[in-house]
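Two complexes come next, and they have one chain in common, chain A, joined by chain B in the first and chain C in the second.
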Partner chain A sequence: MNDNYHIFSDGRVERHNDTVRLVTDDDEKKYLPIENAEALFLHGQIDFNTRVISFLDDHGVAMHVFGWNDYYSGSIMPERGQTSGQTVVEQVRAYDDEAHRGKIAREIVDGSIHNMRANVTYYDNRDYDLDSTLDALDRRREEIQSAESVEEAMGVEASARRAYYGIFDQILPEGFVFGGRKYNPPNNKVNSLISFGNSLVYANIVSAIRATALDPTISYLHEPGERRYSLALDLADLFKPVLTDRVVFRLVNRGQLSDDDFDSEMNACLLTETGRETFSKEFEQTLDRTIEHPRLNRKVSYQYLLRVEAYKLKKHLLTGEPYESFERWW
Partner chain B sequence: MSGHADERTGETDPVNLLLESARDEAVESPFHVTGVMMQYYEVCKRELWFESRDVEIDRENPNVVRGTHVDETAYDEKRRNLSIDGRIAPDLLDDGRVVEVKPSSTLVEPARLQLLYYLWYLDRVVGVEKEGVLAHPTERKRESVELTDENEQQVEDAIRGIYDVVRSDTPPPAKEKPFCESCAYHDFCWSC
Partner chain C sequence: MVYVVAVYDVEADRTRLFLNFLRRYLTHVQNSVFEGEITEGDLEEIKRELDSMLEAGESVIVYRMSSEQYVSRTVYGEDPTDDSHFL
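Presenting the complex of A and B:
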């Protein structure tokens, strides 16, 4: 259930009877079992027509398009009838109320720092001495409690992330020099992996938000009206350490990526098709991992945690019950 | 008939409000109660609040919405569905009695209340007196249900209770119930 299908080859996706099939440029035909799919991820050059779009729409399947440079380029979201005026009204109300918006923004930053810290602790318990980073993150976490404006909260988030990224060069093996976050375009291998991973997190959250009646453009930490779905940017911050960063560490430390998986041109470094394939595979496996959820009383996948987060926020907005952002508990 | 207005000083009794808006479409603040709302009132008032706010349920949730499903499949006796003003939709048997299916032994009270509400509504709004049958499809048992002074009171109290839940800005807090597991709002409620 809720599988993502990644298409890396070039070709076309088309509706064929009651299925969707991929016809690659070398005329290979592949059927996509979309009944249980959450989304199709198009990484190659893919043609499609309105017939396949309405078919996907009927089945509630999203299509996320991944371009070059900045990776994520857009989504075609199913209509699905999930609209609720009430939800959007409450969403806007909370946005418009400075105190309320600030509270949600702080809660998101608080959870993000917790989740970064969980990664640092993991490596601190292994062979690394990362106490100073842990201290720095703890201080940011204290700071966020008293952040007065959303701008300030953003600032705390940024400096926490800088401290956190500081450990990457210690943890990652030689040949994977990071030197701080650069995107648009990513300037080295590590940055291209983070960019690609974060855009996968983002696209999955876009799908998760779409499953609720939340409006993806009304956000609290990020400013609405940015080019992208800013609510997805808000929630993505919480999950980047758990999803993107762990996948990066895992693949690189196991030596599963080589220089051939990257394309360096000018001052950009981007993943090749096979590089993306390797990354997506590991990423999907991570999304499929399950964890016992203490309140839902059952095992849920990491992917479902994204959905749960959208529910939590929506519930907070509709009922006034407190929103507690996702903090890795295992 | 329902002399409860005095308990709510200055406010119209929800029972009267419901009757007025059922009889006259032009009533300014209409108050509707559907049969399903009666069930939710018995089963879970939080669910009732969600339902009244159009909090949409997750369509992919594998849990089937309680009751309605059983209702349609487990009982194949001939009956007609009668939709009245688009507000209530009782099922009638050939002999004219109103039938309500009890989906399971835990949900007999909600079904009974819904049936009583139909009988009450038909009596008060439409002006016809009907008898009711509570049917148990698997056990092949049926139980006659009639509107009495006592259960009339129960229906009207439920209408007032529903009014309070629906008008409230916040839902009653979640409380773990045996129904939660099969509730369409389960993950929404307990996502925390």
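Presenting the complex of A and C:
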């Protein structure tokens, strides 16, 4: 149960002989082994019927839909296997208790800064002098401890991220100018890569939250209800540096993306289909990487870490065991 | 997770059965040959099911590797496992 399938072709996804198959517009038939599937990511124009939806539902497989411009546009989720009124009650209680909510929010920001810092340290050790950014992140990390409100925590996280993004222009090779984060729509190649990567992180976290009884709309750092699944936004912040940013650096520094992989028009820069495919491949390889987990005493994939994060939060809410957000330890 | 290669030799009119069954778990690489990474649990399920599907004179062989890293695999011509996750 950990394979993601990315469909870039146009065609039809259907149930066939107890598994799922894709029939492309050129009438090519490709089979997707259902038993190990975690989710289908639809990037092309795909038709499907209720029969395949029920079948995916039976197998607990989600379908994440991406729009024409790389943006996540929604998911068709399997019926909730886990339902627990108690979990939702505790989740809301923690949200409603200002002190409790603040504590979880601070913990998430603390972990995010740690993970951004890990990337900076990596490049600091490789011929770049990034001491001032490291200092800035360390100061933000001290600040977060004393943040009194959630807005303040958001502010600290925003300024940490700004300091962190400041190093991108130093690390990225010529031809890849970043100049700060812009989205809706992304204005250059680097921003389009980050946008696409972050939407993949987000969709994978939506799947991970679904595996628990947590309600994806009740969040702690982000304000709930304003945007889609705000709990997924909370947890995605922790993983963006480890997943999105590292994949961006890797692809760009290795020269695996060319101008043909981007489409620029009207102040926007978006990935083309081949660009998205290259990115998704590298992203999936990263999700498949494994690491020895000190507490679970076994090797787990990066993808599984997303699920662990949802489990940890749920356990914290139900048992009061302290929540310690994901901090890259390797 | 384990990496398996499954090959079967069954009556011509019954190959479809095995094909359809194994497609749920593995990638179809050649006539009567499947491979892929699966969980230990799924492997047990596959073995049990295949065993019950067999008739006299037919056989299935499942090669099991503890990981894909232990497989040295060279493909001449087109590799059907290429990008099986990116369609």
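Here, the second predicted complex is superposed on the first by the 327 of 330 C-alpha atoms of A that agree within 3 Å, B and C clash if a C-alpha of one lies under 4 Å from a C-alpha of the other, contacts with A are read in each partner's own complex, and residues count from 1 in each chain.
In this section, a residue touches a chain if its C-beta (ideal position, glycine included) is under 8 Å from a C-beta of that chain, and two chains touch if they have at least 3 such contacts.
Please read all numbers here as calculations on a predicted model, not as lab measurements.
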Partner chain(s) touched by A:Asp215 [first = chain B, second = chain C, both, neither]: neither
First (chain B), second (chain C), both or neither touched by A:Gln86: first
Contacts of A:Asp245 with chain B and chain C, given as first, second, both or neither: neither
Which of chain B and chain C A:Leu296 touches, first, second, both or neither: first
First, second, both or neither for A:Asp234, with chain B first and chain C second: neither
Which superposed partner A:Pro33 touches (first chain B, second chain C, both, neither): second
First (chain B), second (chain C), both or neither touched by A:Thr319: first
Residues of chain A that lie at the interface with chain B and also at the interface with chain C: 1
Contacting residues of chain A [partner chain B, same complex]: 1-2, 60, 80, 82, 84, 86-87, 211-213, 295-297, 307-309, 311-312, 314-315, 318-321, 324
Contact footprint of chain C on chain A as seen in their complex: 1, 3-9, 17-19, 22, 24, 30-36, 277, 280-281, 284
Residue ranges of chain C in contact with chain A within the complex: 20-21, 23-28, 36-39, 42, 83, 85-87
In the complex with chain A, residue positions of chain B that touch it: 53-56, 58-60, 169-171, 173, 186-192
